[in-house]
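Chain naming follows the written order as A, B and C, and within any one chain the residues start at number 1.
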């Protein structure tokens, strides 16, 4: 009587374990398929010329994506310059303020901002900046991307700082250190790991955004290092080339996809590495 | 005979509407260990934190009455100045995790932007670590982070950090309650050695510790200072009935 | 901390025993050399000091127990030192009694030269010295040996009594002097008893065994 009960339970156990492994496997498979496809189609296209030269006019064979690379880097960098200080400072404020009315309101706004569709943000940036200045520009694109990066940085900064035990703060205050210095010289260094991770993840996120750049950075076949002029970015290039009728361009779209995915993957790995290296245990 | 380093007069402290310290008057003598003991919630930790003005950092907290450090009214001074002259060691050891051991000891100067020449800094670090009986154990590893230190060693590091500021008074808030018995014994011995250099005011919920370590003991209950006197007297012939009951374990 | 305090206590008790030994020795010397000054100083100054030492020791023992919660052997040591201090105080009292009895004696002519009394006091003082040595060295062997000598003291006392009875029978006018001598012998015998009590304490400290009241069985 007891024996059969045990058998039944062991079988149920094994079945459950198998189920769990199976579904985990199922989840990983699409990721590997994606990577496989991108590598299969993109790798043959990548060579030095691809990475270092400008695109040729429509119809011509050859050319490269260097302007899109430059544009991506510019737009992401400019967006970071806006979003990082703003986001980190807001995160510090929220972590310190705790439960006040204003803090709750700010937190709510950040959450809502995170939920706004990227295309809508693009349109807003268009209305605010492109129309005002009269032209498309990297600058307007970076504003849009900054708005998307902001909530990520705010949230991760706040969460990181909240994890720092109050005893550290007290230790500093008890030494006669002022509140400001305590935040700047004690709390932030302790939280550097989490804050950097948050920033890098934000960067990874916005690197691949296309919709907001459609009406802001707009794209351009030329190399442009002026942020007040339009420029091409990798996602935009992929969008344009993939939907074009030229097989040459379509192949280049695959190449650009591989570069973009590699770029984002590297940033993610970097985030993990830095997180671990600078980690501070309490 | 010692002079009084701290004079507390008719001191009250409250959190919002709750009065947790009621009209306490006592004196802390120089180069002596004074302990505040009592059951949980009696106000001893609050009183301690009022002395280095950490109590007022809590929203809604306030005080009444006077605390004098020698001839200076602590509540008329800038709180930051107060905390530079009165050091504190906490219940849970809290060395700064992002700093090396060396930097931890000198943190009081570094964080306050006080610039010192290298030899002077080294001397302060060595002196403080020697005073807190940690020098021999860490002198070869001073430029590593302190996370590999045991609980007792971390607490001694915190003591060194506080001593580096050369405070007039060292406040200790249950410094051994998070430590194992062996580390506790080391820290108790250290406290007795330290009193030659600095006046110590110690909060403890362990009456045996107060008996072993302190020269003067104050017994607090429900916010009142029930009795204060030489430890020897308070533990053998206490004057107040409540003290007698606490000692025999009737409450707390 | 506790170690240092117990060493302190040990020093104090040894100091006490030295003082009591001096008192006994002074009393007997005063008797034998008929020195009134010595006897008076025992009665007036030395007793005060003995009482003061006892109070001091009592206070220290209480404080040590209250503040340091000694356990095991250390607890037994502190408790026995307390007991010993008590014993020394009574020895002091007995020494004073000896001096008080000696005072009237020295005013009269000696009945006979003092032989047994000094011998008794010598043995008693040696017992006192040895019991302190047993305490300091924590030697239950020495302690047991001291206890055995108690019977010697009893023997001498009985002999003195017999002798005094014959003197008193022959010459009724010296009865009061004889009674004083007997009183001195009794006090010395009580002092010897007290030293054996201390030795029992020492055995308790070192072995944790209680040997009071049935020392015969243990021996």
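Keep this in mind: a contact is a pair of C-beta atoms (placed from the backbone, for glycine too) under 8 Å apart; a residue touches a chain by one contact, two chains touch by 3 or more.
Computed from a predicted model, the values in this text were never measured in an experiment.
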item: Innermost chain, where centres are averages of C-alpha coordinates; value: B
item: Chain whose average C-alpha position is farthest from subunit C's own; value: A
item: Computed distance of Cα centres, subunit B from subunit A, in Å; value: 48
item: Whole-Å separation of chain centres (CA-atom averages), subunit A against subunit C; value: 93
item: Separation of subunit B from subunit C, taking each centre as the mean of its C-alpha atoms, in whole Å; value: 50
item: Per-residue multi-chain contacts in subunit B, two or more chains; value: none
item: Of all residues in subunit A, those that touch subunit B in their complex; value: 165, 167-168, 170-178, 181-182, 185-186, 189-190, 192, 280-282
item: Contacting residues of subunit C [partner subunit B, same complex]; value: 1, 62-63, 66-69
item: Subunit B to subunit C touching residues, read off their complex; value: 188-189, 192, 208, 211-212, 231-232, 235-236
item: Contacting residues of subunit B [partner subunit A, same complex]; value: 52, 54, 57, 80-85, 87-88, 90, 92, 94-99, 107-108, 110-113, 147, 158, 161-162, 165
